[in-house]
Amino acid sequence: MRLGVLCSGGDAPGMNACLRSVVRAAASDGHDVIGIRRGYEGLMNADFFDSELGVGKMSPRSVSHILERGGTILNSSRCPAFATPEGLKVAADALDRAGVDALIPIGGDGTFRGAVALAEHWKGQIIGCPGTIDNDLLGTDATIGFSTAVATAVDCIDKLRDTAESHERLFLVEVMGRHSGHLALATALAASAEIACVPEEIVDAVAIAARVQELRSLGKQSIIIVVAEGDEQGGAVALNEKLSLADCPYATRTVILGHIQRGGSPTAEDRVLATRLGDFAVRSIVDGATGMMAGETCGHCCLVPLEDTFSTHRPLPEHQIELLDRMSC
Amino acid sequence: MRLGVLCSGGDAPGMNACLRSVVRAAASDGHDVIGIRRGYEGLMNADFFDSELGVGKMSPRSVSHILERGGTILNSSRCPAFATPEGLKVAADALDRAGVDALIPIGGDGTFRGAVALAEHWKGQIIGCPGTIDNDLLGTDATIGFSTAVATAVDCIDKLRDTAESHERLFLVEVMGRHSGHLALATALAASAEIACVPEEIVDAVAIAARVQELRSLGKQSIIIVVAEGDEQGGAVALNEKLSLADCPYATRTVILGHIQRGGSPTAEDRVLATRLGDFAVRSIVDGATGMMAGETCGHCCLVPLEDTFSTHRPLPEHQIELLDRMSC
Amino acid sequence: MRLGVLCSGGDAPGMNACLRSVVRAAASDGHDVIGIRRGYEGLMNADFFDSELGVGKMSPRSVSHILERGGTILNSSRCPAFATPEGLKVAADALDRAGVDALIPIGGDGTFRGAVALAEHWKGQIIGCPGTIDNDLLGTDATIGFSTAVATAVDCIDKLRDTAESHERLFLVEVMGRHSGHLALATALAASAEIACVPEEIVDAVAIAARVQELRSLGKQSIIIVVAEGDEQGGAVALNEKLSLADCPYATRTVILGHIQRGGSPTAEDRVLATRLGDFAVRSIVDGATGMMAGETCGHCCLVPLEDTFSTHRPLPEHQIELLDRMSC
Amino acid sequence: MRLGVLCSGGDAPGMNACLRSVVRAAASDGHDVIGIRRGYEGLMNADFFDSELGVGKMSPRSVSHILERGGTILNSSRCPAFATPEGLKVAADALDRAGVDALIPIGGDGTFRGAVALAEHWKGQIIGCPGTIDNDLLGTDATIGFSTAVATAVDCIDKLRDTAESHERLFLVEVMGRHSGHLALATALAASAEIACVPEEIVDAVAIAARVQELRSLGKQSIIIVVAEGDEQGGAVALNEKLSLADCPYATRTVILGHIQRGGSPTAEDRVLATRLGDFAVRSIVDGATGMMAGETCGHCCLVPLEDTFSTHRPLPEHQIELLDRMSC
């Protein structure tokens, strides 16, 4: 068989590890892999990766020493033109001309929406791998990149805690997550933040200010509030303004972590997850599956229909907001 | 209620995070916590932690800023004298005199064996928390400290790969694990090692040498072999000697990672796990449970009888040795 | 003798290492150390650190395991009220009442201005230690905290490079430095940034845009521009707006690193520097010196009058802007 | 001009950064660079690096994104055959046939001895760059790789301190350094080790044991002794045996850091130093210099005759052994 692989949407640490796994799993089973550069945009342009095996082919050697590197050697893109009937047809033709039997798109919900649309114009098999720092897909306990993004945010907040303590300040730290508070909540728990603001829970600024007063009375020298960018408070800067109108007992500072969370060498968890899922995607294709995402639940690899992965946002882990609250005493 | 907490056996990153969680979960529910220093040995000596709340009491403030620190502020020990009828009676008396209603020992299989023995001499409740880098306990998907130990080993091997590549060498890297290959296997997968030697699988040195020859012919500039200290080959140094007798096509070097794997700031995964399990242990005690370990399976907190956790060694994750093999091509 | 020590102004990694060194150098020579909390504000309020040696005393044990921690266990502050004749008199009286013979303030130019003013109202000896991430003081090759702040910024940009490459973008990264480009320039060189914008050099946005065009034509997939917050362009956000008016051949993103740069465990360089200077400050006091800063030049500890340290901004290292330019080809 | 560049001897973090600097400094000045693989051995075999510019040529793009990577993309080797009259002649011929006008060897004392010998058989210019983790060369305040090796060792000891404290143990940690204690001493100071054993100072095991007793009486929970592999005590394992014969008041453990110290992404200090020296080596060649090492002293680039760099071992920094002693109280 000839497999195509691409990365699409916001890049996530571990995409390279997943690529490597796809290439090596295929090679060890005797299949070819065509690397498609720059996501769906590159697919439309037949923009292929070259290696010593020849035009478009990814050899096992061409993915040496990428497991530990952030980003993606195939590059990624967001491509609105792809999601049109014309775009999809162009892409399907490109796949056919390259002799691709099956496609493995690595990305998040936008990538999988694109894959579902492509399936209506292309007869090959499609198995997606969940590569996104948001951890908002149903059908997998974790997405590739989430562990690393949490680790990066926690590392930053560990540093901020030092200066927050020194100056007895309150820091509002904005992490990524437009629709989902997974990253914010896990970061808050792991970084011993006192408060997390997530899109899934509505809390007004007055209640937050009251909680901060309470924490002050408990003797807290410093406070960290983790704010998901998509929180209804409007992000860290907006929340800071609201807090300043209330009677906040700490001097405050705001930090927006931004794209730092997308980079960096993946954690061991992301490396293992990416390796397992890339391999499982290849084996699923060989087994004839299509229209599915390769995920991991309860330690086992599993397939779930692509449509289901983005049908609703994955709910936050139960009880963890209450847990954060109990820990802030 | 009055809860006692102690750390016992080999220390693991995240023990402090677990301690903090126990203390704060108890405090937020109105219970006292007595910190017992130096594990079971300290228990026999009534060696208690002091805080501003008074002798023996751990206040929420006394566990500030320990979540991110390796080791344990309560200290740990191994104590053969405890596991005698006399020792257990001394310990039970010490708990009674201190007015302790329930005990939370944090540790591994040896710690839980001790807890089971203690339960025959003491009427209070006992809920254990799994703190060990070995990840060899049944009843929990991961133990506190495993994620960090893997991360540390992977970080070391990433560095070794640099010099292995520069000099085109083979490195044998020994990681901890006397009876269990969990740490070795996860490390090997995450560090893109070519080969893992674990106690659970018997492979002879000749087969390893043949595999190394094969990898050389694939064009590998360098090779990393991760060896669990308890592997039947006898560890990295012994395996190196055997390889040198075979016709190894690489110059070799040996590194024993040793106690480095026990230290360091815990990963986000270990911090969250430790926080969840410490909290769950306290709530389980309040609910009347005893003789159980607080574990996490499939994302949910759960209780499992202490005896079951060490009844057999937890098996290696299915298919991952084959996965490592497929990735080394 | 009885020495007082305090941290003032923006905190810097390594302040704790310097504190530890002051306390232990004094103890090993038989002198007492009074820890003054919250900088000059705490001095005015006679806000002293307690240890097991008694009120206000810092024992060698009280500084155990702080060398590796960011921030300062004495806390820091900025205190305009100190810099008034009344404030200085209050502070001088507090020092006299506490029996302090000599003061070691750890901080930057503002701290040393305060120390010079205090010297007019207080007869004790004063030796400053340079603790600031800005590296803008004359009389020392490096300030305590600079190495760590550069390391943190470089680590962040290494991560940003991953995502910049994946999406073929230009990132503008703002680092601290209101009046000084030391941090920006060292970060840019170490992080292989293509361009650095520093307060010491005037470059207009049109020239930067032209340079970016040129780099594009050389085949650069991504561009990193490091911008000192005090650059005349107005920081990263303002420069981004100007670039967007020119014809920038890359999609751009902006990241403001902010207070992350102030925290974190100090680098080995900062730990050694802080240890040397704290020790040297104590020995200089014993030798009778006053009104000086303890610095390090060409590997040797030296004293320089406090006034001289902030008389002009320390110039950027020669030729390094040209070096950055040569490296971006 | 046509410049040749190679890495030789034990690899050091920052060699890649130095390579990049040589290539880009040359390119920005219009010169060609030939990359010679595998050090002097590769030179004898005319084993050249290829890039898109053609056989043997290193283009500015071929050194993209290597500044931050440990090891060396040119590989390194130790080659006794080179240091023979025949070997030197073969190498000189290879350089002439490749049209190389000047050679930049990156390495340590062995590399520079080779360069001096080569100069007797080859008429081209030679400027060395100091790439070694040992920091034992005269003529430069620091060698490329030293800062990173110290950082790695300190990071490991920070982890070991966690477990040493938990179990109240003494750890003997062996670092590299056959003839030189620079790495051991800087590591000890930065990692707050209590004792350092270096080849430059003779201390017997009895005196060390007595010092350990004294430290115990001061209340130290744990002890770290950093041992240079070349210390006259025979390394960490041998010293441990001697201590166990004396009456050591702590349980002891031994860790040999080994090759981990050679790898890893270089620190900012090593990246800047390597960048400066690679550039300076190129400019020195253009200016006509030969037979010299490019070093940095007191912040300025400088040239020193190659013979002088290894004439004696660079002495340890003054007073730092006493400083370590004062800090351990």
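For reference, chains read A, B, C and D in written order, and residue numbers begin at 1 within each chain.
By our rule, contacts are C-beta pairs under 8 Å (C-beta built on N, C-alpha and C of every residue); 3 or more make two chains touch, one makes a residue touch a chain.
Everything numeric in this text was worked out from a predicted model, so none of it was measured.
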| item | value |
| --- | --- |
| Centroid comparison with subunit C (C-alpha atoms), farthest chain | B |
| Separation of mean Cα positions, subunit C and subunit B [Å, integer] | 39 |
| Centre-to-centre distance between subunit C and subunit A (centres being mean Cα positions), rounded to whole Å | 35 |
| Cα-centroid distance, subunit A relative to subunit B, in whole angstrom | 28 |
| Junction residues of subunit D - those touching two or more other chains | 158, 161, 165 |
| Arrangement of touching chains [line / ring / star / complete / other] | ring |
| Interchain contacts, given as pairs of chains that touch | A-B, A-C, B-D, C-D |
| Subunit B residues within the subunit D interface of the complex | 7, 11, 13, 15, 69-72, 75-77, 152, 156, 158-163, 165-168, 171, 221, 253-256, 258-260, 262-264 |
| Residues on subunit C engaged by subunit D in the complex (per definition of touch) | 20-21, 24-25, 27-29, 60-61, 65, 67-68, 141, 147, 150-151, 154, 158, 161, 165, 186-187, 189-192, 218-219, 265, 267-269, 271-272, 275-276, 279, 297-299, 317, 320, 323, 325-329 |
